[in-house]
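Order of writing sets the labels: A, B, C, D, E, F, G and H. Residues in every chain begin at 1.
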Amino acid sequence: MADDLVIGGVSFKSRLIVGTGRHRSMQEMVDSLEASGTEMVTVAIRRLDLDNPEQNILEHINLDKYRILPNTAGCRTVEEALFVARLGREVAQTDFVKLEVIPDAKYLFPDPNGTLEAARQLVEDGFKVLPYIHADPVLAKNLEEVGCVTVMPLGSAIGSGQGIHTVEEVRIILENATVPVIVDAGLAVPSDASKALEIGADAVLVNTAIAQAENPSMMADAFRKGVEAGRQAYLAGRIPVRTEAIASSPPTDVPEPAVAV
Amino acid sequence: MADDLVIGGVSFKSRLIVGTGRHRSMQEMVDSLEASGTEMVTVAIRRLDLDNPEQNILEHINLDKYRILPNTAGCRTVEEALFVARLGREVAQTDFVKLEVIPDAKYLFPDPNGTLEAARQLVEDGFKVLPYIHADPVLAKNLEEVGCVTVMPLGSAIGSGQGIHTVEEVRIILENATVPVIVDAGLAVPSDASKALEIGADAVLVNTAIAQAENPSMMADAFRKGVEAGRQAYLAGRIPVRTEAIASSPPTDVPEPAVAV
Amino acid sequence: MADDLVIGGVSFKSRLIVGTGRHRSMQEMVDSLEASGTEMVTVAIRRLDLDNPEQNILEHINLDKYRILPNTAGCRTVEEALFVARLGREVAQTDFVKLEVIPDAKYLFPDPNGTLEAARQLVEDGFKVLPYIHADPVLAKNLEEVGCVTVMPLGSAIGSGQGIHTVEEVRIILENATVPVIVDAGLAVPSDASKALEIGADAVLVNTAIAQAENPSMMADAFRKGVEAGRQAYLAGRIPVRTEAIASSPPTDVPEPAVAV
Amino acid sequence: MADDLVIGGVSFKSRLIVGTGRHRSMQEMVDSLEASGTEMVTVAIRRLDLDNPEQNILEHINLDKYRILPNTAGCRTVEEALFVARLGREVAQTDFVKLEVIPDAKYLFPDPNGTLEAARQLVEDGFKVLPYIHADPVLAKNLEEVGCVTVMPLGSAIGSGQGIHTVEEVRIILENATVPVIVDAGLAVPSDASKALEIGADAVLVNTAIAQAENPSMMADAFRKGVEAGRQAYLAGRIPVRTEAIASSPPTDVPEPAVAV
Amino acid sequence: MMTLKVNGKPREVADDLDLETYLASIDVNMRFIAVGYNGQVVRKENFAAVKLNPGDALEIVRPVGGG
Amino acid sequence: MMTLKVNGKPREVADDLDLETYLASIDVNMRFIAVGYNGQVVRKENFAAVKLNPGDALEIVRPVGGG
Amino acid sequence: MMTLKVNGKPREVADDLDLETYLASIDVNMRFIAVGYNGQVVRKENFAAVKLNPGDALEIVRPVGGG
Amino acid sequence: MMTLKVNGKPREVADDLDLETYLASIDVNMRFIAVGYNGQVVRKENFAAVKLNPGDALEIVRPVGGG
């Protein structure tokens, strides 16, 4: 079944994008990327520690298997995001960028206006922009119109493990979207991922739920299966919701314990 | 990873039990059983049509692969359920029975008292009883105490596709149960199954969601993956729920677009 | 608008039944009963402390304003419940009893079979029985059939403040019930009470939410209003739920900022 | 208890703002405004029908009792909203305006960027701006920062009667807001209004739920009570949510049906 | 001739008949079926021993798709 | 003297005692209370008629705050 | 004669006309209305001062029920 | 000597220095890094062409784990 996800002209078999943050060790990260079956992983861009330069994370990641998606995490303003996006392009030699413009430190919710403005400039500058946004259907449409290659509505606060509070909004975003919709942030368990794909979301991005699980590799494999399950269920055509029951066994011809007259 | 489900002394690798009702064709049923990876399937017991005896469903099911679980669907009273349970034992040559005592035709909700009374008598009669019940923690405990080998709390009305309304009650049943807890009825999509297993349920039973999907085999495979995902997530140790966000990228050392002074 | 609630032949204007437990002082209790507008209050039956007999709670309650509803709280078995019900009848000189048969100390969930058996015997003994039950539609019907004057399905665990988890089950109980349905346990805020009455529940019982509020009298008054609001909304006929929006302002004839050509 | 709501320097006793659209008759509108106890009502601005000028709605509304809040409903762009806001100011001789910039006809969701830009210009022009927005905490903060006198996050789609999907987002908006937060759109029943006020929202705006109820005046009175109930519950200090039960009757000194030895 | 109640319907059968013979006479495939006789389940090995009498109620059942 | 079980605790009382006399002896306010005698509830008007014997179990109860 | 655009529709009016006179000519009740003139809102006191020219766009509005 | 701002901290460096030489002098592994020079990103091939002046701000960055 050819059912590729296409983002900015690039095809992916996996609909699970994985973040590389918050892992307990480089080895746990490498193992869980492997178990997840992902084909694209996010990285953040940070200052090199000139006094003790540790090894570069990209030395550990098989670049033939995983496309790198640099993010602009940590940026509070449009200007910061543009600068970090351009540094990331140079670092990873890619025009893909996960755009985050986040002024709020407590819930890490994105700035709709700053995100739209930064997206506009990055698209002009030749980037393939994947913006992280609140699940706002009009904003999602605006970002698509300025040329973003996806929209990435949030499920709930980053790292909160609250799951997807925004199912209804995501449904509406999906109705109108002509670019892939990737649900990002807040996912905690595979059922969150399945749920997103079952309603038609094109992919999910997961980081903390895997990295901070007691057993990250096992959780990564669980998310891989959950994402596949959700996508297949979407394609397989679910049953409708009904108010009343319908027997799964025939209602008639039940034998009767009638005794002789 | 040895993580078998044991019901009444019998071990199962698969935590997905599948019903055989409401399929559009015998072939679709056979194919979706195969795709589901199940090891136990339910059947109902009905009068033979003496005037035109069609082929017996068990001629189509590979009895080396699938254990048969006869149910008492259609029975409204204890007496009917006892009779049908005994007929089912004879038909399928098994002491396993899925006990249903359902007086209510609209929502097909079970009778707690009738179910407990029938369970007591069937256990005495040597049956391994898997009772279908409302998600009532005290009733579940009572059924365990009379010797049932599982309890099967409902998620929502049979065939309704409403998913699991009873997550909180199932959690409590799980806290107290020393027998496997199998969530039955109402499941529509793999995320419903995953959710049940993520909170610690031992298995799920699915029928209509697969049989009535547009593509039953694909949905069956989706449920197989969803069940595996949910179980693995349970074993892998999920992240806690937090009110606030935690950045998945480091909050410090963000480069600044500072220009020269 | 004559819209009385009739329980066991007795008419009530108020649809809020209030418990008298867990108050910080007798005065707070008296004040919040007053503020709640209730006409029926529950009491528990306990051993008199022979060594230091404090004043009797019924000396503080205006029996002309409030009907007393003794409960069988604390009883784990049918036998205990029958005994305590009969003691309560003698104490309060009433044939009303709130029946509780609760073997489980952690969640205080009732025993469906024990409750049904005790109800049957108490009805025979001339009691007007108001049984506290899990929101099980079949059990509710069974209790009605043995002659209970109401059914009292739980919203969530007693004192948990979790609100009503059982809205769907209560809807179904309401569909079938010919006696008043009173939602009991777990309510925390007026919106919980309103919600119950909006879907057609006949009344609610509230105790901890009032008694343990920072300001019990103010909370009691809030519940009074919430119950009235919910009942009126039920009678006033709510709008249907729609998937899409409908403008509350006319979509046409919007002035245009057109400038001259 | 002095607990006034202050918006743009104006004090209100009522925390229920009512819309005047979709009423079946002018009389039903007038009666339900009266029953609602509101002190501020919204109106839309539309072209006069020069060919048959019917009576002006403001001739029916007691301007001594109700402050008029003109809206910019129907405007899709910043330019349209600015023009209609200025027309509304002239019509109703007020500097209050409910700002709506809504490009989307199906769900009537607002444009975050257009709303912020229009708000900025209207504030400069001396308006007291009450913007209708998606429940986006960062956008809410931005609007406060440009000088809006409230923010009005939506509960769900206008007129949909779906209630409040955005409780978690509204909680966060409330945490950060220094202006009143008014939940607008989607409310169907008093429990929706109570819920909003219980979590600390300062007011709600209701139109369709009242205007399209079978009995608008009764529903208006129900909302009045629901809003009062929710506000009082917020002030009265609700009980915490607990996982387990806490008995409302004393667990000890239960009489025992012990018989003589 | 005598009348039995078979799967809820009256059936005319020969007198002096046992269950095994009756089932053979109506071509019932013995595999994966069960028989209730006046509310009691009869094991296959006992079919021959069950003599049928007027008014006896038989339930001849087989498995069907069910959940 | 004999021993009764009163509200779960042993109590020494005089021999040859009836329930009414006993309750009076311990200053129980008769209003809004009830008495269980060996698992049976005794109406107030019958207190005098109940002769107490060694080992009898009494439950003397009153209402308390409850939900 | 000249043509204005009034509430989106063309209207023939006399030449050399001011806004106040025009509104009076069409019997507009001045209470609770407002007028936009080529996209600008005109205060009532200025109606007389606004001379109308061919192609001018007027929006004459009033409040209606809305949420 | 002159002072640059490197990754937010002042650094003393020799006068008359270009970016490439500077980076070499501090042993920066050139793989998977990027450099911002006064807010502009400099492609690797241009490092040699960038002459450093007092007060110049450098941001030398690399990827780290992030979501």
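The definition used in the following text is that a residue touches a chain if its C-beta (ideal position, glycine included) is under 8 Å from a C-beta of that chain, and two chains touch if they have at least 3 such contacts.
These numbers were taken from a predicted model, which means no experiment stands behind them.
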Fill in the blank from the handout: Co-neighbours of chain A and chain F resolve to D
Exercise for the section: Could you please state the distance in Å, as a whole number, between where the Cα atoms of chain E are centred and where those of chain G are centred? Expected result: 94
Completion exercise
So, in whole Å, the Cα centroid of chain B is separated from that of chain C by 34
Handout entry: Centre distance in Å when chain B and chain F are each reduced to the mean of their C-alpha atoms
Key = 54
Exercise for the section: Could you check chain H for residues that touch two or more other chains and list them? Expected result: 7-8, 36, 39, 59, 61, 64-67
Completion exercise
Touching at least 2 other chains, the residues of chain C are 19, 21-22, 44-47, 71, 73, 83, 87, 107, 109, 158-159, 162, 207-208, 247-250, 253, 255-257
Exercise for the section: Return all touching chain pairs. Expected result: A-B, A-D, A-E, A-H, B-C, B-E, B-H, C-D, C-F, C-G, D-F, D-G
Exercise for the section: Would you mind writing out the residues of chain D in touch with chain A in their complex? Expected result: 103-104, 107, 109-113, 116, 134, 136-139, 141-142, 156, 162, 165, 168-169, 172
Practice task
Report the residues of chain E in contact with chain B in the complex, numbered from low to high.
Solution key: 6-8, 26-29, 31-36, 39, 41, 43-44, 59-67
Handout entry: Contacting residues of chain B [partner chain E, same complex]
Key = 19-23, 29, 42-48, 50, 53, 56-59, 68, 70-71, 73, 83, 86-92, 158-159, 205, 207-208, 211
Exercise for the section: Please give the residue numbers of chain C that touch chain D in the complex, ascending. Expected result: 19, 21-22, 44-47, 49, 71, 73-75, 79-80, 82-84, 87, 105-109, 157-162, 188-192, 194-195, 198, 207-209, 211-216, 218-219, 221-226, 228-230, 232-233, 235-257
Problem - Of all residues in chain G, those that touch chain C in their complex - result: 5, 7-8, 36, 38-39, 53, 55-57, 59, 61, 64-67
